[in-house]
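Several structures are given next for inspection.
The following pair of complexes shares a single chain, subunit A, combined with subunit B in the former and subunit C in the latter.
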Partner chain A sequence: MSDVAKSSGGAAPGYALRTGLGPQALAGLALVAMPVGLLVTLTLWPTVRMVGATFSVDGHFSAERYFAFFNDAYTMANLRYTLEMGFVSAIAALSVSFGIALYLRFSAGRIATMIHGLSLFPLFVPSIIISYALVRFLGPNGLFQLMLEQVGFTQYRTPYLTPVGPFLAFVWENLPLPVLVLSAGLSQVSDHAVEAARDLGAKSPRILWEILLPQMRRSLLIAFALIFMGIIGAFTVPYMLGPPAPEMMSVFMQRTLGNLQDPASAQVQAVVLMVISSIVGGFYIATMVKSSAGAR
Partner chain B sequence: MFSRRQFLAASAAAATLVSTRVSAEDMKTLQVFIDGDTNISDWWNNILKPAFEAANPGRTFNVTVTRGVADGNGTIAERALAALQAKADPQVDYFEEFEPASVAGSIEAGLWLETSEANVPNLKMINPAAVETPIRLPYRGSQVLIAYDSAKVANPPKTFADLVAWAKANPGRFTYGRPDKGGSGSNFVIRAIHEGNGKDPSLFTKDNFEPAKAEEMLQKGWAILKDLHPFTFGEGTYPAGNSPALQLLAQGAVDMIPAWSDMALQAINNGTLPETVKVVQLQDLALCGGFAYSAIPSNATDLEGALALANFMLSPETQTSCVRDIGGFPGISWDYLPADLKAEYIDVIPVSIPTFPSGDWQKAKNDGWYKNVATNIVRD
Partner chain C sequence: MKRTPFGGLILLVSMGLAMLGPIVTVILWAFAVKWRYPHLLPTEWGMKYWFAMLGRETVMTPVLTSLALTSIATTAAALICWPAAYAFARLKFPGRQLLLFSFIAAQAVPKFALFVSIAVIFLKLGLVGNFWGVVLVQMLSAVLFMIWIPTAAFRGIPPALEEAAFDLGASRLRVFLFITLPQAMPALAASYVLAFVSILFEVDSALLIGAPTITTMPLLLMTLSSKVIVQEAAVLCVMIWVPCFALMMLSRRFMTARGIAQGFGA
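Take a look at the complex of A and B:
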């Protein structure tokens, strides 16, 4: 401890206190005790119990329920659909928001401010409102179809109640977060680097590919992980806009629990989805840790 | 100075004031609990209350809405049961809708008052199809009907076979809601299952569920629905509930759907559905429906008042209001309602009100539909 104190120079007294158990350290621990306590009692403990329960069949340890899950074609179709929807929607939302962030990075003025505001707008709209709005706008004989018919296009097929419906809602709903994350990332790319490349004759695509994207990788990964986890757990949008089958896991889980009154199967579905989320979440944490280590 | 006329008017007004105050003090107030939807509580407060006060001078009722609060009327019934055991005031005289069996032990403890023609004279008019046990007082019903746009459908179907034939002749113009998301779709699916099993609802009872046999019986329904599947709206994109199905009809995206009688009739009355929308009941075998049952706690402080209210609810006037104002079905036989009302609703008056057991049959029906009918999607 004294070695540490010596080597870290000016910060020594505070550091020493923190590693020992002085009054300040106790106060700090007391402050974090509340949220950690809540997390443990309300989230971690029930989760551990639930995972345990899924492996218990008639009081014995058994992975029987998981075999049933992975052997049921209908369930697997739902899982595949959920992951595809998460992946495709997240990539699309990311592409659109990257475009917006790029535009905002290199332009200023009232139009840019307006676009910035508009891209953040979905943040303040609940999914149920988004869903209803899309039903009215994109639905059969909705505003969009009427507008198309005005210009003579009559072959419109509504995306409502097909996989395209929730896809569009997810992309729109998930614009604000990546716009914020990517704008922050882009603001760290120096103007000099871009101008230097331009002076050397690099065209925009090359600047994007060789200057911007390499520096943005981390922001993109973080944004992807956040959107993907949000989408695979979303309920309202697929419930209201999606097809009857395949179902997204959240809708399927709710039906299994509420309508079929089969909590055991619903728990297994929840655990599988949680494991997938944890993998993506772990990936997100690793990226964060790496980036803060890199910043030091 | 007051003129003589002014004086007379003033003293008359004062006298009225005094007399109303006196009657307000004597007024007996019944405590009514409702956990149904807004349309029901609004109907009680705005239409039934003044009518009841007019028909029963000196009596009124106070509506407490328990919708969405704890277990709704169940919580109030628990309290009444506790009051019965403690010989205390249950603070409730009337449950607008309640199933006594849902509070364990309440029936055995004698919490519920038995009604008959002796204490509720209007029960002599009750629709026999609605009668269950003496502690359950049926007073209104709703049933799933076929709603269609009369501007597009010249000859509405009279039988299930007619309906399927119409849907096939008009691809994409018929749809029904997912069976687990609302009763309208659910009861249409049940009707298809009945159709596949000789139109005999009595084959399905609470106690006869047996997986292998059920699977075989349900498959006959799935065959009919799979056959219909490619002809439904969006080739099998069933809307997620009663309202989304009505919305498709309102937007002109489809011309025919199964719908709850009260929801459809109310939507037509308030303009949510176009005027051209009409409703019809299948005459070979009706779609399922059910009644709402009131319950009276036997320890109510004003039993006499509660019975007067029960009798008022079953009067032809209130029953007419049930049809006119909330699009419900009467609890009493149509024969006791005005002839013009009967004539107006002749197309929706069922010859029978079939039911389908809850529990295992419902689960097998809903899950089976997803696995057999909904997944059969062919997309381009």
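Take a look at the complex of A and C:
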């Protein structure tokens, strides 16, 4: 840390003049150089190189690997499954958290505090732990089944190794962010607006639809984009809980690279996933920029 | 929209079951010696499997490897990111906004796909299965926490105190060490804890860059989770996660909505 003092205080004024940068600017650039360098060598360069590599067949430019990707039925089934999982799980996570946030908005006391705490619990639980825990909880002869049988329900069918398994894990993992964002947003809707609407005879669903939801629109879109991107890139949850086929893209990539020893195809799969993610990411950044411009 | 306390109670119970049920199951398994279907709870309790696990080299080696990898990667990331965070918060330099934004944009890249691209390069360089190759990739995972939380913390420190010290003739270094750093310390510590835990449990880098020569704790957990003896994986989970959970609880006030959203790239 001492180079803050050295480089900013000690840079010769002549040098600073010649480069056109003041000592503070030089110190700033020097300090950020290392992490920026890490980002360039381990994110920017590998990504650019990979995109280039996927378009090069025997040293020539060719899109044939992408034709192969989009013409392979199994690959497309995996891609479709990944996107559907992302969409359905994100919508479910948002709906559940919206319910929780609504409850928290209109209630206080110890129960509300405990519900708030429970909804944030996943922040402290890594993917691998919750995946394993869900196998033990929801799996065959797991605690959930045992509990159901105690009350006489014996028809339990485990979601483990079906698409419902990863779906439940994704909803579980993705509650905290929308609960935090939505409760912050809902707390800004004034009680007066809600009471005024109620005085005019509006029922709860209508208040929800016409007062609360429109004000939450931006928060919901942003949360959706973040959760969706997280899910389509996930590996551990579908690997531990999901069915053998179809596979989510990361699991598919891992098998293509590791078991099938086919880095060329794995890279094409990675690029396709990156492109989809960056479209959602770009939409997300556009929403952020638009809203911060509107706020000004 | 008034709700009866009864409705709240139902919500609380179902939330409690859904959020805590899975973890409680693992904790029960870790201390169960005998738990056979259809008993609701273990019929015999004890630490038998703890002693068995602790004495086994195939268990302790991955755990120690993980701790070494994670400590080195997190510390190295802190050494390069914390000064950068200070620069982002306090110094004016060309490209500051753009570079800060690049750390956000990088988070939008799906990690597993990115690691595939790195694995292909590392394969050629002979860095796959190499300890330092894994360290390098894990540092990347730490950058997220190590730039954002400290930058926000340095920004949040009111400059008045620093300016007063400057006016009294203190050097920049002295001001930094005695005024700025102590105020930023809790946030720096929190960023360290959050990065440490997320790297410790990270599967992706270990699987794509470390395997097969380097077995980390999460990879061991994956192997154990498919074994017949349930207790082994459960013991490993409880043994590693509970201390991490305690550490994270201490850092929880830095896990705000903005912080998390920023972590994702807000």
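The rule we apply is simple: the second predicted complex is superposed on the first by the 257 of 296 C-alpha atoms of A that agree within 3 Å, B and C clash if a C-alpha of one lies under 4 Å from a C-alpha of the other, contacts with A are read in each partner's own complex, and residues count from 1 in each chain.
Just so we're on the same page, a residue touches a chain if its C-beta (ideal position, glycine included) is under 8 Å from a C-beta of that chain, and two chains touch if they have at least 3 such contacts.
Just so it is clear, the structure is predicted and the values come from calculations on it, not from any experiment.
**Student:** Per the contact definition in the header, classify A:Phe124: touching subunit B only (first), subunit C only (second), both, or neither.
**Tutor:** After superposing on A, A:Phe124 lies in contact with subunit C but is clear of subunit B.
**Student:** Regarding the shared-chain residue A:Thr43, is it in contact with subunit B (first), subunit C (second), both, or neither?
**Tutor:** second
**Student:** Name the contact category of A:Leu260: first (subunit B only), second (subunit C only), both, or neither.
**Tutor:** Touch status of A:Leu260: first partner only.
**Student:** For A:Pro244, decide between first (touching subunit B), second (touching subunit C), both and neither.
**Tutor:** In the superposed model, A:Pro244 contacts subunit B only, not subunit C.
**Student:** Spot which of subunit B and subunit C makes contact with more residues of subunit A, would you?
**Tutor:** Of subunit B and subunit C, the partner in contact with more residues of subunit A is C.
**Student:** What is the contact status of A:Ala77 with respect to subunit B (first) and subunit C (second): first, second, both, or neither?
**Tutor:** In the superposition, A:Ala77 contacts subunit B only.
**Student:** For A:Val164, decide between first (touching subunit B), second (touching subunit C), both and neither.
**Tutor:** Neither subunit B nor subunit C is touched by A:Val164.
**Student:** Between subunit B and subunit C, whom does A:Met274 touch in the aligned arrangement: first, second, both, or neither?
**Tutor:** A:Met274 sits against subunit C, while subunit B stays out of touch.
**Student:** Name the contact category of A:Ala202: first (subunit B only), second (subunit C only), both, or neither.
**Tutor:** A:Ala202 sits against neither subunit B nor subunit C.
**Student:** Subunit A residues touched by both subunit B and subunit C?
**Tutor:** 135, 141-142, 239-240
**Student:** Okay, in this complex, where on subunit A does subunit B touch?
**Tutor:** Against subunit B, subunit A makes touches at 74, 77, 135, 139-142, 157-158, 160-162, 239-240, 243-247, 255, 259-261.
**Student:** In the complex, go through subunit B and note every residue touching subunit A.
**Tutor:** 178, 180, 233-234, 236-240, 244, 247-248, 251-253, 363, 366-367, 370-371, 374-375, 377, 379
**Student:** Note which residues of subunit A are touching subunit C in the complex, please.
**Tutor:** 1-5, 8-9, 21, 24-29, 31-32, 34-36, 38-39, 42-43, 46-47, 49-50, 53, 100, 102-103, 106-107, 111-112, 114-115, 118-130, 132-138, 141-144, 146-147, 149-150, 172, 176-177, 180-181, 184, 194, 204, 207, 222, 226, 229-230, 232-236, 239-240, 249-250, 253-254, 257-258, 263, 266-267, 269-271, 273-274, 277-278, 281, 284-285, 288
**Student:** Using the touch definition from the top, list the residues of subunit C that touch subunit A in their complex.
**Tutor:** 1-3, 5, 8-9, 11-12, 15-16, 18-26, 28-29, 37-40, 80-84, 86-88, 91-96, 99, 102-103, 105-106, 108-114, 116-121, 123, 136-137, 139-140, 143, 146-147, 171-173, 176-177, 181, 197-198, 200-201, 203-204, 207-208, 211, 218, 221-222, 225, 230, 233-234, 237, 241, 244-245, 248-249, 252, 255-257, 260-261, 264-266
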